[in-house]
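Just below is one structure, and these are the notes that go with it.
Chains: A, B and C, in written order; residue numbering restarts at 1 for each.
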Amino acid sequence: MGQQAINGIFLGRIYALFAVGYTLVFGVLDIINLAHQAIFMLGAFCALVLVGELHLSIAVAFPIAVLFSGALGILLDRIAFRPLRGRAYSNMSGLISSIAVATLFEAIALQFFGPDTSRFPFGTFPERPLRLGGAVVSTLQLCIVAISVVLMVVLTYLLRRTRLGRQIRAVAESPRAARILGIDVDRVIAASFFISSALGGAAGVLFALAFNSLSPDIGRSVELKGLAVIILGGMGSVPGAVIAGFAIGLIEVFTVAKLGSSYRDAVSFAVLFLVLLIRPRGLLGRVALREA
Amino acid sequence: MLLALDGVERAFGGVRAVDCTSFAVREGEIHGLIGPNGAGKTTLLNLISGLLRPSSGSIKLADRRIDSLAPHQIAALGVSRTYQNIRLFPALRALENVLVGEHLVRRAPLWKRLFFLPGARAEEQAARTRALTLLERVGMRERAGARAQYLSYGEQRRVEIARALASNPRLLLLDEPTAGMNAAEVTSVAALIRQVAKEGHSVLLVEHNVRLVMDVCEQITVLNFGKVIADGAPQAIAQDPAVIAAYLGNED
Amino acid sequence: MSTLGDLFLTYQSVISFVGIDALLALSVYATLCCGQLSLANAGFMAIGAYAAALLTLHTKLPFAAVLLASALAPAVFAVPLGLPVLRLRGIFLAIATIGFGEVVRLALVNWDYTNGALGLVAIPQRAQLWTIYLVLVIALFLFSRLRGSKIGYALESIREDETAARTMGINTTLAKLSMFVFGAALAGVAGGLEAHFTFMVAPSGYGFSRVVDMLVYAVVGGVATYLGPPVGAAFMTLLPEVLRGLGESVGLAPGPLRLFVSGAILLAVVLFLPNGIISLPLLFAAVRMRRERG
């Protein structure tokens, strides 16, 4: 039982990390960024290339991959979202625009890495199982938890204590008001994309390490799971995404244990439906519709 | 009484936007609803048209309770409205906007169109003619083919009135129909309102233009902070100390 | 002579797929035209496809009846799904419908009666080019009659401003549900046609990427009128065929190239041609008019 809980926590961490990026962009732009999963995937491949081709250690490759992902996020904003600002129906256009860029990213990944599964070279991460209580935990899992906790803490600090964080929250509240207050909304949005994509890329590297498999379509399965997480947590709420990530990770693991693995993915969607029907704003989401 | 509000309340969070409000509108009456900004006038219109539910109290249309009905049901009972922020259908032409307004009075089942029955064509012609006539009444016939988003502010307001009249309503709710209009336009709207009332429609007119309201309305209800502070004929209202205090007091 | 026959067969196949994709694009348009972004149609397509396949494999029903069933089966699911889900605002509706699609796919993957992930094979080819295009023409006819009708205007008004539409006496819930069900039926019949054209059905063909494709066809074609989505479907389906030859000569693998070009076209349309390909003639006309005015 405890073992399941540990696996659930660990899986949940990755979902949470992925979902936080999703929800950050939604909070600021009112758009679901469907290219997030593609950056998740490219971040993982970046780390793979750095470790596999350039023989860097994972400890060096990880931050580089994270920064690379952040940069991709800024690029994404520049080409797919910024030109649409101020247009009517911008939510739907933004959604489709993000689908377009996701497709481009996937095509690039397919071209360079092929459709088959790639793996990190053996020895990328020293595997050392530890006993914790009655459960077995690998150093990799501990590391993943530790890294994601650090990233969350940094993000929370950033949002609550720094000027940029305040500006992000202001724009999320009302871009028009933020502009009147003199905030450079475009710059804030770009920064949000950087942070969101960096986290997404981090989640991607951790995911690829955890399961030791990488292919251009790993983003797809996590993408839909991520939607369930942000719906449960509440769109636009970072703490909500964290809690919900855990919840879904745990629910999944327990479902597999009790009902078998074929129900694993279905249960996330069951949760998604229930939340949307009963309490669409999720655990911690905002009630009011955003002002323009 | 065509429209009767009794003890209607509506709160948002802790704020009572409408606080125990009661008044009535008679058949064929032009009834004004005035008050300083934020007094709750638009909220009342939203309550009457069914976009909001009152937290307590009742709203009756010809002795029938409507406060728990859906907006389209209330519209079907003969209530039509315009909006403070103008809610025309932007991509639709002026004529098409008014056609949509005719929705409730049109009998146009789709299957007739599917089989190209002549009755369908005739009905469509009749609907278009009615719409053009309405646009003529508000002086917008020449602009019938223009898309609503390209019309000027005053033009949009006029089309919105035409659209609201298209369903031949018993009760017409007008939310600041003359905002942003010049004096000539206001005069023509006033004339239109009088004409409309003479044809048997009742009008509930929310306005900031107090002169217009005094001029056109037979009864006026004055709101402040969601409460009715005066209710009566224009001359009485003009001299009511509470009304004067409310308006002067809010001019700080 | 046989190569010519082969050539025709190849093109016939592509043109048939264009017809099916056009139906799918229209199925998404059905809800888009009243302002709802519903991404459930891959799930409805699957239901229609499987229903049709099962009927053909286990009964002696004529093909017309099978196709009718492939339209009705998803419609039956669409009603109880649509009622709660269409109340949700924009993005939540999109996500809920994505969820539905995934649930259908997962259910099929786990359903042993239909061989789970392997699906059903050896479905006789009962759908010809003309059957597909007959259904497409009927669908286009229905849309053409809808446009300019009282209901058609009501749907447009819902797209523009649902609240205002409600206060005009339009039962927006009923209208949206009707189009949701209509879209489901279209997707279902497209699924039924495809199943009898490609000889097989399998859950992998009805995943999230399938409904994204449908949305792309509609958007690239243009969603202002019902003619846009079929044009978009034709364009996006024919393009990879055209590119295949080009790509091979340049040495790029066809898969990534096709994907890249799809993405690039989609992005270009969203950024520069927001009303879709179908608005190109209007654009040219406007440019010419401006030039004539000098």
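Basically, a contact is a pair of C-beta atoms (placed from the backbone, for glycine too) under 8 Å apart; a residue touches a chain by one contact, two chains touch by 3 or more.
The structure displayed is predicted, hence computed values, not measured ones.
The set of chains touching chain B and also touching chain C is empty.
Innermost chain of the displayed assembly, by C-alpha centre distance to the whole-protein C-alpha centre, is C. Spacing of chain B relative to chain C, judged by their CA centroids, is 41 angstrom. With centres taken as mean Cα positions, chain C sits 30 Å from chain A. Separating the CA-averaged centres of chain A and chain B is a span of 48 Å.
Among the residues of chain B, those touching two or more other chains are numbered 90. With touch defined as above, chain C holds no residue shared between interfaces to two or more other chains. Those residues of chain C that touch chain B in the shared complex are 142, 145-146, 148-151, 153-154, 156-157, 160-161, 163-172. Only residues 26, 30-32, 79-80, 83-84, 87, 91-93, 95-97, 99-104, 106-108, 110-111, 115, 220, 223-224, 227-228, 231, 235, 262-263, 265-266, 269-270, 272-273, 276-277, 280, 289 of chain A touch chain C when the two sit together in their complex.
Note for the complex: chain C touches chain A at residues 37, 84-85, 88-92, 94-96, 98-100, 102-103, 106-107, 109-110, 208-209, 212, 215-216, 219, 252-253, 255-257, 259-260, 262-264, 266-267, 270-271, 274.
Contact residues on chain B toward chain C in their complex (touch as defined above): 49-51, 70-72, 74-76, 80-81, 83, 87-92, 96, 99-101, 103-104, 106, 108, 110, 113-114, 124, 127, 163, 167.
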